[in-house]
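What follows is a set of structures to go through.
Next come two complexes built around chain A: one with chain B, the other with chain C.
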Partner chain A sequence: MKAAVIVFPGSNCDRDMMVGIEHSLGRKPEMVWHKETELPDVDFIAVPGGFSYGDYLRCGAMSAHSPIMREVVKKANQGVRVLGVCNGFQILTEAGLLPGVLMRNAKLRFICKDVHLKVENAETEFTNKYSAGQAIRVPVAHHDGNFFADDETLAALEGNGQVAFRYCDAAGNVTDEANINGSRNNIAGILNEKKNVLGMMPHPERLCDTQLGGTDGKPMFDALVEALS
Partner chain B sequence: MSEITPEIVAEHGLSADEWKLCLEIMGREPNLNELGIFSVMWSEHCSYKSSKKWLKTLPTEAPWVICGPGENAGIIDIGDNQAIIFKMESHNHPSYIEPYQGAATGIGGILRDVFTMGARPICNLNALRFGEPDHEKTRHLVSGVVEGIGGYGNCVGVPTVAGECEFHKSYNGNNLVNAMAVGLADADNIFYSAAAGVGNPVVYFGSKTGRDGIHGATMASAEFTEDSEEKRPTVQVGDPFTEKLLIEATLELMKTGSIVAIQDMGAAGLTSSSFEMASKGGVGVELELDQVPMREEGMTPYELMLSESQERMLVILKPGMEDVAKAVMDKWDLEFAVIGKLTDTGNMVLKWNGEVVGDLPIDPLALASPEYDRPWVKTERPAEVKAADVESNVGRIDALKTLISHPNMASKRWIWEQYDHMVMGDTVGRPGGDSALVRVHGTNKGVAVTSDCTPRYCYQDPFEGGKQIVAETYRNITAVGAVPMAVTDNLNFGNPERPEIMGQIVGCIEGIGEACRTLNYPIVSGNVSLYNETNGTGILPTPTLGAVGLIQNIDDAASVAFKKEGQAIVVLGETTGWLGASRYLEVLCGREEGAPPPVDLDQELKTGNFVREQILAGVETCHDISDGGLAVALAEMAMAGNIGCSVDIPANVDQAYAWLFGEDQGRYIVTIDADKAGEFVIKAGEAGVVANIIGQTGGSDVVLGGESVSVAELKDLHESWMPTYMAAGE
Partner chain C sequence: MKAKVHVTLKNGVLDPQGKAVEHALGTLGFAGVGEVRIGKYIELELTDAAEKSKENIENMCKQLLANTVIENFDVEIVE
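Now for the complex of A and B:
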């Protein structure tokens, strides 16, 4: 796998993403500054979390217009795998690679904690090392993770197997109580129609290391490395 | 330039004596620009004039100290050419007037103190103190301060990993926001602030300068009165996005080899940074103030010198390196301007479009700042409270339930879940333990960090209280298995012009000094916040300490959670049932009185060394005993591990409540496999440490001498107070 991590001004999970990928890949991905106009030859692009452009205007809105994003969109349309985490997810929706928007959390507060995610679609190159219905533990850290899409879009996402993860309890039950930010249908992560682009609010890269308290995020990067080797 | 009237002098906070000294130094009447500079340089906040005499008595040296007080932050050596740079600083006054921005800019400022010296910040801590929960302003202040800290820290991407939060009526009119930043640097690539090299360019980078925060340092050096609301415009506004760019740009600039000296612009902005750099380097400076990047039209030299606009740095470059530095700032879209040069005059010459608008001698002003030996009276140690004289009608389980759900003891999860405590991918020990544990990136070493203060002890007996805080940080670091290395102090007190307050300051500093000397645990940085009073009512003496320790292998670290059923519970240290100034006495008996528990520092050292040895030898569960005593510590361990415990009250104990809730110092709880517990107790005895097996882990209840409560119920009580309290205001 040839991987790149995009770095925007205000990205702050770029190093975490690099380390997360390195755990599975065995070497560092390329770090690409947002002012670049060309991407190296890669088959996996990660758009990391953070506060690109300070979340000013609207989360992800400014970054979506960075020079490098034209290239990311082009590659995504050619089938290159793209993962957007947290602010990266917001950027991918602003760039039009994924539907819906991420609104302010229902309780209007930043939330940083481990949550459980039910794996809804375990047949993608991102998720095939999990089993369908499995509950995995992954941290969230966001202020604007409340996924919203209109009824029609939502029906399409559900109908096409584009919902990758939902917030659930430790036993895998998708409940209102487990829906930490008020997302529609408890959605924590979605895929595009071709399933080569995944956006998710939780941070799989933060739990790839036993010293940090868990490794439930690692199978995602293992799966990508296996698919792209 | 307007004539300087006595009113103008008074508005600038200068006393009659200080004005006289000012005239002597200048040899003439200063103009308004110059007076403004005197005002901020000699403010309590910048000059430490009331506390300097006593701060000098603190121990600041050890073989592992690279840099002690006097620079932007303290530095310790953690081996392998790595250094930890850290400091704690208050942002009390601004946070009361404007909680969100006041707290946010406190985080920004302390981060700059650390990365200015070449460190990448690796974690933040904060110690918060608010008025009574029922006070009309408290909820609003908690909400704003927490949101401000989170808003800033989360955006810059530095994890906030530990802290404390306490409520007391003495903070009704003066909340405390003490923020600590910890950074990691290469020990051979540290940057200092002493300017050098006549002719070298003085360069400004970061944000533009606006009119915000003018006279913030002067405000922070006065008591609050009814009209403090009017001081809102003196609170600065933070931009964490720019700070994030500033961190990256500064660290990148530091790799170019172009820097002679560097300093951030904090309190008193350009004035303080330029004077300190020049004074330390023994050089003069000429500033072209019209070259300063300005955010607003029509700014004056006076405003430019005193503005406390955030996210700004001052750097002395090597000759000819301007283009290299500018390229870095262009990459990060930050302002860059050459605003002057170093001279050999020893004077600060301020120019505005070529015309001299100020000319002040640097050293006399910076070094001759007043130092007061303010009169003080010693706080007499109050009488001891005998356990037998404490009336207790509440059963032990009800007492435990009341304590763990009391505002000061309840879980502060509501706060720390609003802070990103995991970003940077090295938070091994998350908030909620004795110390947070942050891995040194790319290694297996861990840095343990904690912040502590027990103001109620300090109020009753400043000297013993001061000792106790040091010992408490020492225990918190020890309880995870790390070696306590050094301390930063953030001394918050009331008005030092009152002898009883000055007595608290002196007593606490002496107690802190004695403990740090005995424990070989130097103070390497700090900050003083005085005048925390409103209409003559002062806060409890609150000398908050932040501490850093090191563990060589994080896989050895212990944590508070019970991990196995059937282990023996061992208490290390002596339990006498000390209830004076305890939480039990305060919360269950409504009595805030009595001599606080004494700290035996020599014993502290012995017990600490033994605990650390045993953790490295395999003990996995350890917790120090502090507020609420043994019973609360056991409950915390049970709640963290979801495993119950059962303890027996020794037959020779007369008052079970004193044994359960007394706050005798120097104690830890550890768990040991049952078959090895006897041997462990013998080993402790050989090391000179009292050890008693008091019970065992297991089950789903906490059982105290036959009376029980489920861990689930305790958890529910412990976790629900703060969310319920905060929700009531929504």
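Now for the complex of A and C:
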């Protein structure tokens, strides 16, 4: 696997993403500054979390029009795997690679804690090291993670197996109480139709090392490395 | 010349900020306030006459100023 991590002004999870990928891959990904107009020859691109452009206008709105994003969109349309985490997810929706939008959390508060996610689709190159229905523990840290899409889009997402993860309790039950931010259908992560682009609010890259309290994020990077080698 | 752009949430999209403000107004004793919805107001100063066409400004809204998944926009051109 040849991997790149995009770095925007205000990204703050780019190094975590680098280390997370390195744990599974055995070498560092390329770090690509947002002003670049070309990407190296890669088969996996990570768009990390943070507060790119200070969340001006809307989260991810400015970054979605950064020079490098034209290349990311082009590569994604060619089938290159793209993972957007947190602000990265917001950027991918603003860039039109994923449907819907991430709105302000329903209770208006920044949420920073570990949550449980039910693996909804375990048959993708991102998720096939998890089992369907498994509850994994991953941290979230966001103010705008409230996934919204209109009824028609939501029905398409559900019907096509594009829902990757839902907020759930520790036992894997998808409940209103577990829905931390008001997302429609408890959605925490979605795929595009071709399943080569995944956006998710929780941070798998933050839980890839036992010293950080858990490794539930690591299988995602292991799965990508295996699929792309 | 200027363009005044109002960006508002579409009907049916929940507005938790509006709800919180609505509640706060009630707490302050303003009894007759119904639903509150919060939007954005953007003022564009147009230096190039060609940019003032309504179509051009609408394209700015569609591409950047508004997210049309959840937002409507309204453009007013002021000479």
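Keep this in mind: the second predicted complex is superposed on the first by the 229 of 229 C-alpha atoms of A that agree within 3 Å, B and C clash if a C-alpha of one lies under 4 Å from a C-alpha of the other, contacts with A are read in each partner's own complex, and residues count from 1 in each chain.
Assume a contact is a pair of C-beta atoms (placed from the backbone, for glycine too) under 8 Å apart; a residue touches a chain by one contact, two chains touch by 3 or more.
As the structure is a computational prediction, the values presented were derived from the model and not from experiment.
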Which of chain B and chain C A:R15 touches, first, second, both or neither: first
Touching partner for A:R109 - first (chain B), second (chain C), both, neither: first
Which of chain B and chain C A:G84 touches, first, second, both or neither: neither
Partner chain in contact with A:E94 - chain B first, chain C second, else both or neither: second
Touch count on chain A, higher of chain B and chain C: B
Partner chain(s) touched by A:P204 [first = chain B, second = chain C, both, neither]: neither
Chain B partner contacts - residues on chain A that touch it in the complex: 9-10, 12-13, 15-16, 19-20, 49-51, 53-56, 109-113, 139, 141, 143, 203, 205-206, 209, 211-213
Residues of chain C defined as touching chain A within the complex: 13-14, 16-17, 20, 63-65, 67, 69-70
Contact set on chain B toward chain A in their complex: 147, 150-151, 154-157, 239-242, 244-245, 332-333, 416-428, 430, 439, 554-555
Chain C-facing residues of chain A, complex: 57-58, 61, 65, 93-94, 99-101, 103-108, 146, 148-150, 182
